[in-house]
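The structures come next, written out as structure tokens.
Shared between the two complexes below is chain A, which pairs with chain B and chain C, respectively.
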Partner chain A sequence: MAHFEKANSIGEWLDQRLAVNTLKRVMQTEYWIPKDINFLWAMGMVLAATFGILLVSGIFLLMYYQPNIDTAFDSVNYTIMSEVGYGWLWRHIHGVGASIVFLIIYIHMFTGIYYGSYKKGRELIWLSGMGLFVAFSAEAFSGYMLPWGQMSYWAGMVITNLFSGGSLHADGLVEWIRGDYVPGQAFLSRFFMLHVLLIPLAIIGLIVLHFGTLRIPHVNNQEGEEFDYKEAAELYKAGKVKESKVIPFSPVFLSKDIFVMGVYFILFFYLVFYHFGFAMDPVNFDPADGLKTPAHIYPEWYFLWSYEILRPFPTDPGLIAFAFAQVIFFMLPFLDRSPNVAPASRRGAFKFWFWAMLIDMIVLTFMGKLPPEGIWSTIGLVAALAFFVLWIALPIITKTEKKL
Partner chain B sequence: MANNTKGRRDFMGMALGGFTALGGIGALYAMKRSWDPLPSVKAAGFTTIDLAPAQDNVLITEKWRGKPIFILKQSKKMMSKVSDETKKRLIEINGAHYMVAVGLCTHLGCIPGYDPTDESFLCACHGGMYDATAEVTKAPPPRGLDIPPFKIEGTKLVLGETGPEYEQMLADGTTMPV
Partner chain C sequence: MKELKIFGIVVVFTLALYWGVEPFAHGQMHKHVEGHGLVYDGSADIEEASKEKKEAKKAFWADVKKIAALKGDATAGEASYMMCAGCHMDGAANMGGVTPPSLDHAGAIYDKNFLIALIKDPAMATNVDHKYPNGTMAHPMGSVSAMVSAPQDIANVVAYLQAKKAGEVTPKEAFTEACGRCHANRYGKLTQLGEVPKTKSNIKTGQDIDALKYAQKVATEQAALADYLGTLPPDLSIIIRARSEHFLHTFIENPQSQLAGTAMPRTGLNHEGMEKVFAYLEETGDPSKPLREETGPKVLLFFFIFTALAFLWKKAMWKGHH
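Here is the complex of A and B:
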């Protein structure tokens, strides 16, 4: 066995056995964060904290929820909401959290796009981030099935039908996914398993990977400036805190993150206590009925933009368009041909691309909620086409971008 | 490390890798099978429906394999508008014509609603439309409502079983297997 000295403190005892001091140095006190960043860089930790809250509230919901098509609806809407002490609190936290997490994800993504934080050296941060986006989408969808209301059932029906691939007519695959001809007990049990175990495990793994991919390239900064981290760190350690371009992640930078989180959580709990309604679809307060479709089936707000890309086209082109929209953001680091890492405002045509894309996705989101009639259909169609035009234009306009 | 054991270590690695790959393939197959619909689910797939009480232009909704089944007896007036091609979609029993179809939109599976005055179905989800024989009249649905496998027994239909009339519909492409 290796030789151990007598330890004089608990810290030293742990350090001998686990090298906690090295760990602390690498991940906290000497993990350098650039000074020139703003509150948008706190969104990552806000996301991590929101995931934590979803996990805790979910654990309490799990104690009374019953994954059975006959009892699921009442176990949520009656038992948890009116019998379990503070059950309503966990449910409202979980619902609001699931909705707000997507708002923060979108802000986080568009921050990355604006500052070019997905370019050379940072591709894996972007790719693991997109992995998280997909995993969160699957988590939100599977969770939406659990109360077994009308929207659960019909969203489950429509979304699993997408896997028939239109004219490919792969009904076998759809029935395989459901474990039945229509969503039923087998469907509810397996989506329950996905929601409470498999997908959360994947999310935790992806978060670890996402953090790991950040460690070597470091986070970007407001000017996209590339500088010598060693030199900046030496300055900081030598006491020249003012002159140095960096600060340590913990405790210095983390305290700023915590400030932003504080503001965020005030807003979050305001929504939980006074405005939770937006996260609860009224149609889902009717129990699932396989013989009655709700008048309008629409997904939660965060899926509306991609739903609107599916909707205006006939089945096959619609499915292709939808599949394209689901994966195209993965390709961003490779479709942006410009080496410039800089805020969009300084990148010529890309500046317009950025704002056009953001506005287009907001328009798509609104149109996805409106019934597909008259002028709304037309606007939706134009916005869907604009989405494709923008992605086709991206390599061209970035190729011709002037080097900064 | 001693070189003379390298060959043996490599062999152990390859043997383990090979068996792991085999076991992995086996495990994937087991996982796929575990997700399959259960035999009891498959076996519960038969329903008998009596068409005798059906009335002209009044939509009846039954349930088969958890899916809604539309039954619409066509009136004389409705039949006069039906072409020979769409007539193939209808089931004829004792001279009367019935539309029998799975009541799930062939686009993404919502239930279309029937309007007896217009004699047409409208799907509220994405605006698809069908006529009284359940043939599609407005996209996005790619085709008319699917016809479930059926067998005629007197004035009754057994859904889930395949009779000669249904096989004929499959053969001439009037419907697709569901």
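Here is the complex of A and C:
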């Protein structure tokens, strides 16, 4: 065993055994972040905080939620909402958090795309981030099943049906996923397990990986500038903080993160108390009824763009298009052929690609919720086609991009 | 300030996104129905009516208007009301599918014109005449025309209801009388038979025989209702969160306007009745509202202070960095 001296303080005692001082240095005071950043660089910590809020509120809800098709609806809408002290608050926090976390994820993603933060050396940051996006999507979907309302039931029906693969008629696979011919007790139990155990574990693992992938390539900066971190760090440690291009994660970067989080929390809790309706669809306040299909079935807003890529096409091409949309963002670092790491505004044609993609996804999102009729279907179809055209164009326009 | 510009862009896109998926999408998805301010003069009914029925409806509501102009005699009305009380009484039995509701606060929660119309022709008044192709006599209350039919008689009964059956009404009473014969409210512990009685289980067997007996009675009542209406009307415990307030308001005023062909009758609530029913729906469907309104400002204040302090900390930390 190692030799231990008598410690003079708790800090020293811990340091002897856990190397807390080294940890603190490596992960905080000498974890260097570029100085040339804006508030969008705080979205990562905002996401971590939101995940924390979802986790804590979820634990409180878990104490009263009953994963049983006969009691689930009332355990949420009656027990939690009116019998449990402040149960309504935890539920609204959980519901609003689940919706707003996607807004931040999308902002975080588009920040990465705009500043080219997925380029050579940073591919794994992007890939692990996309892994998180998929895991969060699965978490959101499985959570949406739990109140066992009309939208839970019918969304569960529609989404699991996708696995039949259209003309493949893989009905056996759909039954295997559901554990029954239609969503029922087996279905609810397994989605409960996924929501409270398996997917959260995956998310936590992916978050650790995501942070890990940042370590070696370092965080990108506003101009995509490549510089010597060692030199910049030495400069900072020598007290030349003004000249240095870096800041320590803690407390300098964190102080800004916390401020951004404060602004975010004001919005978040405003929504929780005064404007939670957008995150809790009215249709889901009708109990699940397998004999009564709601007039309009639509996913939550954050899935609408990919839903609209599925919808305008006939079944088989629609499913292929949908599958394509699910994975294509993973390919971004490999489809962007330009070596330039710079904000989109300095990258010629890519600048237009970025804004076109953003607007196209917003249009798809709008159309995804509207009933597929008349002009809305046409706009939806055009926007879905535009999505593919943009991805096909990406390698071409980036290949011809002038080197900066 | 480049940073503020970026923030502005994020805000604009976020608001556009919100507008598209919430107000705009919902505006496109649901047809807009105008309310009629709880005035029951049949104008909506006449407008919706098929060609063959238009004239009959016009004549019917014109008659209602004439009766409304008569001066009712509450004392004379009391005698006629005795015939109503034969069915509308405590512990009334199911008649033709539905149990006649209590009229204890009928004068307070229902509109005068509606009451006149209802006595004159229940199917026409409630705008479900399409369910009775063989005439109103098939309506559970159809026999009223054999009891109270003279215009003055109708005016008298309504005058009596407005004078004597119009005391202070609680939200729960308004709900029970106006909605509760067809709609349960399990969060309010109401079934179609009224309040769920308190029962005790047998300590030796663990069985609650009285509760089982009651459940059987409710099931029987619900089966009769479902046979009569075609479906069991939904439980209204949290309907206030499942439908918008505007939808509920216009739907209650004239169910056909939102759901053509529905078996739900118009209930003829006046402003007070509507207000009380909504109060009850909110009580069972959104019970956290008072506490939410009390807690909200405190939490927001906390985060305003938090953010202000965080800003000062940030300023201090970044001092000399630029």
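Going forward, the second predicted complex is superposed on the first by the 404 of 404 C-alpha atoms of A that agree within 3 Å, B and C clash if a C-alpha of one lies under 4 Å from a C-alpha of the other, contacts with A are read in each partner's own complex, and residues count from 1 in each chain.
Operating definition for what follows: a residue touches a chain if its C-beta (ideal position, glycine included) is under 8 Å from a C-beta of that chain, and two chains touch if they have at least 3 such contacts.
All figures in this text were calculated on a predicted structure; none of them were measured in a lab.
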For A:Lys242 in the superposed arrangement: first (chain B), second (chain C), both or neither?
second
Between chain B (first) and chain C (second), which does A:Tyr78 come into contact with in this model arrangement: first, second, both, or neither?
second
Does the superposition put A:Met157 against chain B (first), chain C (second), both, or neither?
first
Which of chain B and chain C A:Asp316 touches, first, second, both or neither
first
Does chain B (first) or chain C (second) touch A:Gly166, or do both, or does neither?
first
Which superposed partner A:Tyr181 touches (first chain B, second chain C, both, neither):
first
Contacts for A:Val208 in the overlay, against chain B (first) and chain C (second): which applies, first, second, both or neither?
neither
Can A:His296 be said to touch chain B (first), chain C (second), both, or neither?
both
Chain A residues touched by each partner, larger count belonging to chain B or chain C
C
Contacts on chain A seen with chain B and repeated with chain C across the two complexes
295-296
The answer for chain B against chain A in the complex is residues 32, 35-38, 41, 45, 61, 63, 65-68, 104, 107-111, 124-127, 139-142, 176-178
In the complex formed with chain A, which residues of chain C make contact?
2-3, 6-7, 10, 13-14, 16-18, 20-22, 24-25, 28-29, 186-187, 234, 237-239, 241-244, 287-288, 291-293, 295-296, 299-300, 303-304, 306-308, 310-311, 313-314, 316-318, 320-322
Chain A residues touching chain B in their complex are 154, 157-158, 161-162, 166-167, 169, 171, 175-182, 184, 186, 190, 290-293, 295-297, 311, 313-316, 318, 372-373
Listed in rising order, chain A residues that touch chain C in their complex are 35, 38-40, 74, 77-78, 81-82, 86, 88-89, 103, 107, 241-242, 247, 251-252, 255-256, 258-259, 261-263, 265-266, 269-270, 272-274, 278, 280, 282-283, 285-286, 295-296, 301, 304, 358, 362, 365-366, 369-371, 376
